[in-house]
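Here it is: the structure, laid out below.
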Amino acid sequence: MSRRKDNYETSRWLKFKTWVDGETDPLSSGMDPTEVIPESRMRERRKDLARRKAYDEELTRIAAHHEGKTEIMKARGIRYFQKFYKVMSVILCLGIILVLLWTVSALPVTGNAGNPANNEVAARYIEKGLQETGAVNIVTGMILDYRAFDTFGESCVLFIASCCVLVLLRLDADSKNESIKKMIAESDDRHFEPKDDIILQKCACVLVPVIMIFGIYIVLNGHLSPGGGFSGGAVLGSGLILYLTAYGYRKMSRLFTEKVYRRTTLCALTFYCLAKSYSFFTGANHLESGIPLGTPGAILSSGLILPLNICVGLVVACTMYVFYTLFRKGGM
Amino acid sequence: MSFVQNFPFFSIIIAMFSGIVSSVLDGKKARNLSLVMIAVTTALSAGTLAFCLGTGESYTFMMGHFPAPWGNEIRAGVLEGVTAVFFGVIMFLAVIGGLEHTAEDVEEKKLNLFYIMIDLMLSSLLALVYTNDLFTAYVFVEINTIAGCGLIMIRQKGRSMSAAIRYMIMSQLGSGLFLIGLSILYDVTGHLLMSPAKESVEMLVAEGSYRLPLLVIMAVIGVGLAIKSGLYPFHYWIPDTYGYATPTASAVLSGLVSKGYIFLLIKIFYRVLGYENLVSSQMANVLYVFGIVGMVMGSLHAIHETDTRRMTAYSSVAQIGYIYMGIGLGTSYGMVAAVFHIFTHSATKALLFISAVGLYEVSGDKKDYVSLRGAGYRNPLAGIGFTVGSLSMVGFPMLSGFISKLLFATSALESPHKMLPTLIVLAVSTTLNAVYFLRLVITLYSRRRPEDAPIPETVPRKSWHLRLAILCFIGVNLVLGLASQPIVQAITDGLAMFG
Amino acid sequence: MRLFECILLLCLVLCALSVAFTKDLLTSIIIFMSYSLIMCLIWMILQSPDLAITEAAVGAGVTSILFFLTLKKIRAIRKEGQDEQEEG
Amino acid sequence: MLQHLSLNIEETAAVILFGVGFTILLLHRNLIKKIMGMNVMDTATYLFLASKGYITGRAVPIVVDGVQEVEAYINPVPSGLVLTGIVVSVSTTALMLSLTIRLYERYHSLDLDEILIMAKEEEQT
């Protein structure tokens, strides 16, 4: 017995367990000297706990002071409630899973060609998609032509989400309000990371052009090969983010400012909106749209799909980059 | 195809487009654009309504070059037209009524973002009303949710931000359930458009196959949208959300957003799953029970509240309970009553939130009963507005609430099993409503006592916007109360077109 | 191929559960990232390369970056709070 | 039932993931975990949807060599829907994360219950 106990101190299981519990960090060998020294980490944790405890006591004290016993009961109630939470969560999880599993057992088998989902709708997309939309990639043809209204709604979702993030995180750089100035100073977290890191810069030097070209390729070939505006835009956005982390805001601001962002998004979304409105309008009123579809397989083909992909790509790339800068320092 | 038939499509696109353009405008221009846009879309919806009333039937509109099972579609009929006009009017008045407060609560440079959210909110509401495609509905539900979250947290106060994240969490739970219901539905029917999906559902029901999945679909979609609209056991986010947002946002959220989801739910029940299947599978009874519990519990919570805005929010929970009770009655009369109550509630609740603003202004921005004592004398018009709203909620004759209660009662008589509980609960709930609303109204018109804390002297704002909005809201309430016959007729016709 | 898919799906469930149970946020973000990558492989097996590309770029890329940034922000705020406490 | 589930392993996994994600989103106290749970739930739904389009032995829906028989390709509809869904979920994730940052700045806590209590107290003082 005692031997086993001795071993347990150094066993892999304990290490694994402490790692899972978040008490130690397996990567603690000096990647980030300020962050992961276990001592400081533990201190931080203890302080956090102490703060929380103090807060709890404070809460009870205030409660006792103001309202007497009922508030203490309430605080105690919250604690009971949290225990109740754990039990509830397991029950709820199992309940949902069981009900849905029961449902799944009554659903048609995956991969069967005779399933109700594989009906005339999919058949028409496959059989006539190439002639009707001009896109070799049937999925792209479907989302940008047959079901374009959904996709337009989707880019609006992205647009409005970026507006909401702007509301929350944007800090006005030329504001005269002192508190906002302080917030700007606080939110600049660049001094937590190495400046002008030579390894990062050299890597970025090689990688950024490749990433950008890959992104542009995905966007432009959206109708010919897997991909399209959204995935390509995300790749482009991550290229921009890499450039920014390597070279800093000053270099980036030569290329990309808030004005550029606003104008790009506005132009792309406006074009998207107008183009799709035109095609909806002509479609519903049974008019000829007069947009040539070109030879399938060529890069300049499939009517509006290519310009729309470019628009979506631009919007997505800008939005992703803007998310990053807003999260980092609340502005561009 | 006549040109008028394009109007629903135009109204959605115009709303979206003005949202997109607003991103480069400054606050004032964005505001004006938004107001113009709401007026134009309301006019377009009115045109659609007139057209549908003229021809007496509904029509579908292809979004693109491909017909029904392949491309997207929207659909317009009498009920859609009425709802769209109504939503437009309420939105316009809510924006007008809260103009000053919006300008105060929102940072100046972010004002245009607020109006972007209003624009996109309206476009998504219109799309939810007109849509004939389930996946389009999902996408626009998401736009609606995100815009709603934006409207709540634009005030940037701690309480409103914690309310926003709570709202977001609950809404995401709802969307997740809705989407998985949609996936199962797609799996068993193979269609996403409502009309072909309904055909397949009918076929499946006739064959008796996939009975369990259909039941789960109903449950999951129903629960998902019920969470989003705040039915009783899922109502925890409502008081914070409505209580701490800026007035326009409170009015829009309580009056329109939750109603948009309920409208979508009714549409899905009628146009996809089949209302008679809902009734035969007992799901209607479940909704009925939840509705009844919500009616009583919401009112009880409201009586406990001392903060009047939270009280109004809790009364929303009770009113949502009314609507679900109407859906759960299982008769077409019950459904007419539920749809009419949607209109009643959104007009009345928006009136209450907007006129309450006028009362808080003259009470030093305090929201408890003591501070509001005598506020009805200090700001007479807001006092009258609030009184009218309260009386309407209680069910005073001539006002809209009376008509909807009457409709609920008469429709309860049609269904023998549910007659007694419905009538009892209606009576109990009306009494409870009267307790808390009339208490507040009496407080508003009682003399201040000498021991009350003095009110900080505030210069009463000469805002004609607020007055105009309150007057118009009172007008809408009276119209709903006095000229209810054509509206009820239109709802009945519209529901018949759904089938 | 079927076996491989089964293993991947099992890994997916394990990842989701460990996201729920790990205490350290950084660890759980990394696990979440691997969840996205596994999802990407599954979509490749399900013959949807469009989804695979999007998931790799968005789920494993952008979403994870946003999570990391949030964590970083939170640590920066926490550190500032500590400095103030030590000074005071 | 079990045999049927073993034929439907994708759906089975998706449903389990959905349950796990739903529970994390509803009942975990840490906000960042909640957001991850939301993502897990969303991707689970997408997995469910995408597996509906899969047909054994058929290829990616990209027209190769002019072959346009239905028997050659899988169902393209679910892929398109999922593509739309992924965008929605990344947007909501970004929004919720930014809300989390703002709330942490104000209350120095990631625990939603604590945040709500503190917000209530802040309002009262």
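As written, the chain order gives the labels A, B, C and D, with residue 1 at the start of each chain.
Going forward, contacts are C-beta pairs under 8 Å (C-beta built on N, C-alpha and C of every residue); 3 or more make two chains touch, one makes a residue touch a chain.
This is a predicted model, so every value here is computed, not measured.
Colleague: Tell me which has more C-beta contacts between its two chains, A-C or A-D.
Modeller: A-D
Colleague: So the centre of each chain is just the mean of its C-alpha atoms; given that, what is the distance between chain A and chain D in Å?
Modeller: That gives a centre separation of 12 Å.
Colleague: What whole-number Å value describes the gap between the mean CA coordinates of chain B and chain C?
Modeller: Roughly 37 Å separates the two chain centres.
Colleague: How far is the middle of chain A from the middle of chain B, if each middle is the mean of its Cα atoms, in Å?
Modeller: Each chain reduced to its C-alpha mean, chain A and chain B end up 30 Å apart.
Colleague: Residues of chain C touching 2+ other chains?
Modeller: Within chain C, residues 25, 48-50, 54, 58, 62, 66, 69-70, 73, 77-78 contact more than one other chain.
Colleague: Which positions in chain D touch two or more other chains at once?
Modeller: If we look for residues of chain D contacting two or more partner chains, we find 9-10, 16, 18, 20-23, 26, 28, 51-54, 58, 60-61, 77-79, 81, 83-84, 86-88, 90-92, 94-95, 97, 99-102, 108.
Colleague: Quick check: what residues of chain B touch more than one other chain, meaning two or more?
Modeller: Chain B, residues with two or more chain partners: 135, 139, 142, 146, 149, 153, 156, 180, 186-187.
Colleague: Tell me the shape of the graph of touching chains, choosing from line, ring, star, complete and other.
Modeller: Contact pattern: none of line, ring, star or complete.
Colleague: Would you pull the chain A residues touching chain C in the complex into a rising list?
Modeller: For chain A paired with chain C, touching residues are 19-22, 25, 35, 44, 47-48, 137, 139-140, 186-187, 189, 192, 218, 226-228, 230-231, 234-235, 237-238, 241, 320, 323-324, 327-328.
Colleague: Show me the residue ranges of chain C that touch chain D in the complex, using the header's touch definition.
Modeller: For this pair, the touching residues of chain C are 5-6, 9-10, 12-13, 16-17, 19-20, 25, 28-29, 32, 35-36, 39, 42-43, 46-51, 54-55, 58-59, 62-63, 66-67, 69-71, 73-74, 77-78, 81.
Colleague: Sort out for me which residues of chain C touch chain A in the complex.
Modeller: That would be residues 18, 21-27, 48-50, 52-54, 57-58, 61-62, 65-66, 69-70, 72-73, 75-78, 80, 82, 85 of chain C.
Colleague: Residues of chain D touching chain A in their complex?
Modeller: Where chain D meets chain A, its residues are 1, 4-5, 7-12, 15-16, 18-20, 22-23, 26-29, 51-56, 58, 60-63, 68-73, 75-81, 83-84, 86-88, 90-92, 94-95, 97-99, 101-102, 108, 113-114, 117, 121.
Colleague: Would you tell me which residues of chain B are touching chain A in their complex?
Modeller: Listed in rising order, the residues of chain B that touch chain A are 1, 5-6, 9, 13, 16-17, 19-21, 23-24, 61-66, 69-72, 107, 109-110, 113-114, 116-117, 120, 123, 127, 133, 135-136, 139-140, 142-143, 146-147, 149-150, 153-154, 156, 180, 184, 186-191, 200, 210, 212-213, 216.
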